[in-house]
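In this document, chain identifiers A, B, C, D, E and F correspond to the written order of the chains, with residue numbering beginning at 1 in each.
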Amino acid sequence: MPIVRVEMFEGRDRETKQKLVKSLTAEMARVTGCSEASVHVVITDVSKEDWGIGGELAATKFPD
Amino acid sequence: MPIVRVEMFEGRDRETKQKLVKSLTAEMARVTGCSEASVHVVITDVSKEDWGIGGELAATKFPD
Amino acid sequence: MPIVRVEMFEGRDRETKQKLVKSLTAEMARVTGCSEASVHVVITDVSKEDWGIGGELAATKFPD
Amino acid sequence: MPIVRVEMFEGRDRETKQKLVKSLTAEMARVTGCSEASVHVVITDVSKEDWGIGGELAATKFPD
Amino acid sequence: MPIVRVEMFEGRDRETKQKLVKSLTAEMARVTGCSEASVHVVITDVSKEDWGIGGELAATKFPD
Amino acid sequence: MPIVRVEMFEGRDRETKQKLVKSLTAEMARVTGCSEASVHVVITDVSKEDWGIGGELAATKFPD
């Protein structure tokens, strides 16, 4: 039943997200002993214009 | 003052969201005794490419 | 697969939470057409010392 | 290390978000004593069609 | 209607939280133009045993 | 800069949480290419009395 949420900069493609979901799910099951079937992973893409670090937008701090 | 968040697959139209907001708000008030006016409901549409269940993307597991 | 989160003031007992889970789940299924079995509801009790409204702690604004 | 999340109606431009990130970060550091460099701020723009208040969508209650 | 969430290490007292709520609310209103009355701030205290940074628990990395 | 949140039933000890943080951080870095140092993991222990699945509390459905 665990729920894992990932917030990261937008731009990863579907294949990377599939790998991430697979890998985080496997680790959750391995470390906590839950079943893989019970794990939910929800990914949120965040624009660099919506993420501030140290008071500055990531869009400014880490331009693409 | 309760805040209710709903994460669900994207694709519901405005009318359905209006019904959902009305109904969840009414139930919150009925069961907990808070006022309807104080209830916030925030809906997040999640793409099936951003939701993993059992290690697999919902986009693969439940194609439209 | 929907996930519903509820943040509310702490203090509701288990019976009320059970009613809330039952009722929000039923409404999710009725309005969106998902199965009841797929609905997760996660409740977070929030202390009035951790909730600010209009710049003031709820602990001050709404003392028990 | 604090993480601040802001959910607000969509429509603010990048300059406003930059000001918000700067100001919330400064206040976090001033009040809690953490370093500004350690503060993350994540902004989520919410459509008025996804926000219910008192059982009604903000899109209806507060049309633009 | 904005909702601000703060996750930070546990240990701040009520007075500090009151200052934080007051100050974040004032800045939200000043920068975005919303009313102070409409701002919610929800604080979550996180134990250093529940926060990992760079793969290590904060409890180990930043012992009290 | 990614932030990973884990909600799971309460009861895991510090050693398990340390392993979980280490492992999820490593996978985030491996799959997305971010640095391990930039990954935050925040764990939330949820009581079985606060988690509903299919309309029933986990406390009832999965008693300890």
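Just so it is clear, contacts are C-beta pairs under 8 Å (C-beta built on N, C-alpha and C of every residue); 3 or more make two chains touch, one makes a residue touch a chain.
Predicted model, so just to flag it, every value in this text is computed and none were measured.
Novice: When every step has to jump to a touching chain, what is the lowest number of steps that links chain C to chain E?
Specialist: Contact-graph shortest path, chain C to chain E, evaluates to 1.
Novice: Which contact partners do chain A and chain E have in common?
Specialist: B, C, D, F
Novice: Any chance you could check whether A-F or A-C wins on number of contacting C-beta pairs?
Specialist: A-F
Novice: Determine, among A-C, C-F or A-F, the equivalent of interface C-E; equivalence here requires over half of the contact pairs to be the same by residue number.
Specialist: From the options A-C, C-F or A-F, the copy of C-E is C-F.
Novice: Which integer distance in Å separates the CA centroid of chain D from that of chain E?
Specialist: The separation of the two C-alpha centroids amounts to 13 Å.
Novice: Which whole number of Å gives the spacing of the CA centres of chain A and chain B?
Specialist: The answer is 20 Å.
Novice: So the centre of each chain is just the mean of its C-alpha atoms; given that, what is the distance between chain B and chain E in Å?
Specialist: Centre-to-centre distance between chain B and chain E: 25 Å.
Novice: Which residues does chain B have that touch at least 2 chains other than itself?
Specialist: Those would be 1, 3, 7, 20, 24, 40, 42, 51, 53.
Novice: Pull out all the chain pairs that touch, please.
Specialist: A-B, A-C, A-D, A-F, B-C, B-D, B-E, C-E, C-F, D-E, D-F, E-F
Novice: Flag every residue of chain D that touches chain F in the complex, lowest number first.
Specialist: 1, 3, 40, 42
Novice: Given the complex with chain C, which residues does chain B contribute to the contact?
Specialist: 1-9, 12, 16, 19-20, 23-24, 27-28, 30-32, 34, 51, 53, 58
Novice: With touch defined as at the start, can you tell me which chain E residues reach chain C in the complex?
Specialist: By the definition above, chain E touches chain C via 14, 17-18, 20-22, 24-26, 36-45.
Novice: Would you mind writing out the residues of chain A in touch with chain D in their complex?
Specialist: Chain A residues touching chain D: 7, 46, 49-57, 59-60.
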